[in-house]
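Note that the chains are named A, B, C and D in the order they appear, and that numbering of residues resets to 1 at the start of each chain.
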Amino acid sequence: MIWQLDLAILTLVVMAGIGAITVKDLLGAAIMFGAYSFMMCLLWSIMGAVDVSFTEASVGAGVSTVFFVAAVFRTTRRTKD
Amino acid sequence: MGDLIQIVVAKYNYWIYITLMMIGLYAMIVKNNLVKKIVGMNIFQTAIILFYVSTGAKRGATIPILEHGHDGHAHVIHAADYINPLPHVLMLTAIVVSVATLGVALALAIRIYNRHNTLEEDEILAQIREK
Amino acid sequence: MSQQYPALLVIVPLLSALVISAAGWINKRLCFPIAVAALGVAAYSSIGLLLRVMEEGAIVYRLGGWDPPMGIAYYVDHLNGLVLAVVSVVAFLNLIASKKSIEQELPDKTAPFYALYVLQVTGLLGIVATGDAFNLYVLLEITALSGYAMLAMGKDRAQLSTLNYLYMGTIGACFYLLGVGYLYIVTGSLNMVDIANILPPLYESKAVLGAFIICLVGVWVKMAFFPLHAWLPNAYTHGPSAASSLIAPLVTKVMIYVMIRLIFTVFTPEFAFNILAVSKPIVWLAVAAIFMGAILALAERNLKKMLTYIIVAEVGYMVGGAWLGNRAGMTGAILHIVNDALMTLCAFLVVSNIAYKLKGYAFDDLKGLVRKMPFTMGALVIAALSIIGVPPTCGFFSKWFLISGAIQAGQYAFMVALLFSSLVNVVLFFRVIEICFYEPFSNDHGHGHGHHPEPMAEAPLTMLVPLFIVAAGLILVGLYTGDIVNNIIEFAIPKSIV
Amino acid sequence: MKILGLIIALSTGVLLICATVDFPGWADPASPASTHLSPHFIEKTMEETSVPNIVTAVLADYRGYDTMYETAVIFTAGLACFILLRIFVREEPGDRLYRHVLTGVTVRVKEGAKLPPSEDFERIDATWTPPDLIIKTICRFLIPFIQLFALYVIAHGHHSPGGGFQGGVILGASIILLAISQDLRTSVRRLREKLDAVLCAVGVIIYAGTGALCLLLGLNFLDYSALASVLHCDPVTARSHGILIVEIGVGIAVMCTMIWIYNNVSSTGKYDEGL
């Protein structure tokens, strides 16, 4: 395991997580959440959990983001916080 | 001091998961927008999955897929050579549960939007009180 | 075949839920009979299982044929045998009673509703039967998701309050999952009995303490224990009557069962009551829960919402009784799981009968109802007597055990809270019954009907018969309390609790 | 509210940090998690189930009961989205847009009015844009390969990462890609709502039914070695085959549920206009 890489991805995960809940646009939040999931999936594959990261890549970064985007498209992008 | 730094460094995965969990929990409690809360909920669930996967990690071990030759030659398998597979199994289930919850939550949010034309909780409550 | 009861109990409802949802696309009329048959089989095998447990002691069923710490196993002992029987019987009776109201409230979505209903029952039965800590989490989520979907089908603000329930429920389930993870990291096992065997040398560890607190908080969120109860009243009030009369009696009680199971099997009573000094504060929280529930119920002008606040108070009874740490209190808590499931079912069935005929259950709608629906009101009176705790009904006996447990433990505040809540319940139900009995049915101030209603417009027989069975059950359980306590609950409580 | 939320989040964090201090070190091979159950799984999986991917073996066999409920959870979610969102409308409400295929003229049809039945008009979304050649062509090329890969993932789950769940999601995603790149009506025409919903249930029934078959053959629920007498092989191979069967069930159920949820969410239950 390369700890520099690990640390970089961990930082990115936290940044993407904070970004997803602070950005003042729901579509942006959905995309940020997709990025967060993808970083998470990288993190897990570093830790050797290949099956979990495969699932997260297809579910978290893939289908979940599509659901979010579809829901935002059907409702509104506006958010106050 | 050295001890403390060692603890902090040795368990950094756990600190990150706690940070992410706090972010998610904070978003779920404080945010006013229903979809934002759902995003927070997902971050919260993913943080717990990170925790479980961290418990499965093992130094000096490889991914939990056994080497198998097609020559019929059986390898001797040492438990120390492979990462603990059990947390991975549990977390596959947890990921599925989180996407299922996400689907239901988004469906509810769309229903609420169709009725009240907004996703802000305070505006919805104000509309309900007016009636 | 009786070897396979533990599997049949859960598998038959699961398979039939799937069949119902597929059959709904072909012919909607097939759904109800399949659901009835499935829950009938579940009720039959759960009672068979309880009788077998009473003869032979605890039963272990290995799913997949793997031995327990490797695979998942069902442990059925006296405690969950009793709860299984209660859950399946309550679900069965409620299904029959709510056929008409489902058809009235959700005419074009009956098929998926029945499927969700049966899935919910599957989840509840699985939670009670399982001996694996992680398996419990998965089943918890089935119960939760099907519950959200059913409750959100109500009118007005049902969706918003269900979404709040979803947030809280997810937090609760995730906390439970996290607690299991903490246990896993220090013990390496997920099987409840196995964890309990490994734990004793680790009792001093902060990780075990953390796991205990997180699990407990998670379960409390799910059962709406006092500071975490805010989601419950709205979610249960606005749901369709069939859904709330299934979920209100069962979900909170099953979560209390989970708490007791955690105390008994996973962490052991020794750890929970002797090593940790948390009994006192938790009983105080329970006292606060009872007072808050009672006072908030007094402020309500709506029958169904008033009942939901009574549930909050009842949760306080059971949590407090379980944490008194003595045999009488624990007996009271377990007996109250049975009694409260029946009492709440009876009360909510009354509400769904009223909703079926009147379209509203605010106090103003109830005026002169006794002339219109005498049988329903009779059942309400029995439910009220039981909730208050009047001797021939079952509510009296569990309260008796709880109070004697409180005196034994020296927790007089809990005793006062129980008595206070009984008093408040007297006021609450007297007020309801007074409105129903003595205020004349006034037609002239706008119910929007315009025509004079018939003197008697009782709910259909399919709704009344289950209601009568439940009402009779309240009295019968009361009369046979001694047998239940001596033959079942006595063996359900570990010997170490005195 | 903000301060309350901060306090709750922080106090949870502090509690968790306190509990974490007593943990065994990260990635420690001697920690209880790595020494209690997992050695058995790692060392015995091959001889007991003959599946090299331990995660698949534990998922579908040792803890197969969990996985059955995991599939049931997904099914419940699909059903929940359906019951919450689906609106059965006979007459399509609101104005609709039609496009004359030959001339490219767009016609708006008022609510209640009907267009004469003709092959020349195709229904288009309110947010319709002319089809992009690049997107359309690339998606048409990609989708078969995505589906092929998904089938590989399901079938090869015994030997490599993947399995029914991942493969099912990818299969579902290929249909969702079709719905996004063209429109919802095209994808619904490929996989009708009724078929989709029934297949969801069928997928889970394959799983639970395999378990029930084992029960009928005289062993415990989900004990795949009972299938040996049906499949004419030894019990260990029967376990391996049993895992494949249930993985296929999971794949079907997950694929259809993902499509079902997407269709309901993206069209708010009307099934007319997608994303």
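Quick note on the criterion: contacts are C-beta pairs under 8 Å (C-beta built on N, C-alpha and C of every residue); 3 or more make two chains touch, one makes a residue touch a chain.
Predicted model only: the values in this text are computed from it and were never measured.
Asks: Return the distance between the CA-based centres of chain C and chain D, expressed in whole Å.
Replies: Measuring from centre to centre gives 32 Å for this pair.
Asks: How big is the gap, in whole Å, between where the Cα atoms of chain A centre and where those of chain C centre?
Replies: Roughly 37 Å separates the two chain centres.
Asks: Just curious, how far off is chain D from chain A if you go by their C-alpha centres, in Å?
Replies: 19
Asks: At least two partner chains per residue is the criterion; list those residues in chain C.
Replies: 134, 138, 141, 145, 148-149, 152, 178, 184-185, 190
Asks: Of all the residues in chain D, which ones touch at least 2 other chains?
Replies: 16, 20-21, 23, 31, 33-34, 37-38, 41, 53, 55, 59, 63, 66, 70, 73, 76-77, 80, 84, 161, 165, 261, 265, 268
Asks: Spell out, as numbers or ranges, the residues of chain B touching 2 or more other chains.
Replies: 12-13, 19, 23, 25-26, 54-58, 61, 63-65, 86-88, 90, 92-93, 96-97, 99-101, 103-104, 106, 108-111
Asks: What's the contact topology between the chains, one of line, ring, star, complete, other?
Replies: other
Asks: Please give all chain pairs that are in touch with each other.
Replies: Contacting pairs: A-B, A-D, B-C, B-D, C-D.
Asks: Taking the touch rule as given, give the residues of chain C at its contact with chain D in the complex, in rising order.
Replies: It is residues 4, 7, 11, 14-15, 18-19, 21-22, 25, 61-66, 69-72, 108-109, 112-113, 115-116, 119, 122, 126, 132, 134-135, 138-139, 141-142, 145-146, 148-149, 152-153, 178, 182, 184-190, 198, 205-207, 209-211, 213-214 of chain C that touch chain D.
Asks: Within their complex, state which residues of chain B touch chain A.
Replies: Against chain A, chain B makes touches at 12-13, 16, 19-20, 23-24, 26-27, 31-33, 35-36, 39-40, 42-43, 46, 49-50, 53-54, 56-58, 61-65, 83, 87-88, 91-92, 95-96, 98-99, 102-103, 106, 109-110, 113, 118-120.
Asks: For a test of understanding, state which residues of chain A touch chain B in their complex under the given definition.
Replies: Touching chain B from chain A are residues 7, 10, 13-14, 17-18, 20-21, 26, 29-30, 33, 36-37, 40, 43-44, 47-52, 55-56, 59-60, 63-64, 67-68, 70-72, 74-76, 78-81.
Asks: Using the touch rule from the top, collect the residues of chain D that touch chain B in their complex.
Replies: Of all residues in chain D, those touching chain B are 1-2, 4-6, 8-10, 12-13, 16-17, 20-21, 23, 25-29, 31, 33-34, 37-39, 41-43, 45-46, 52-55, 58-59, 63, 66-67, 70, 73-74, 76-78, 80-81, 84-85, 159-161, 165, 261, 264-265, 268.
Asks: Residue numbers of chain D touching chain A in their complex, please.
Replies: Contact set of chain D toward chain A: 53, 55-56, 59, 161-163, 165-166, 169-170, 172-173, 176, 180, 258, 261-262, 265-268, 275.
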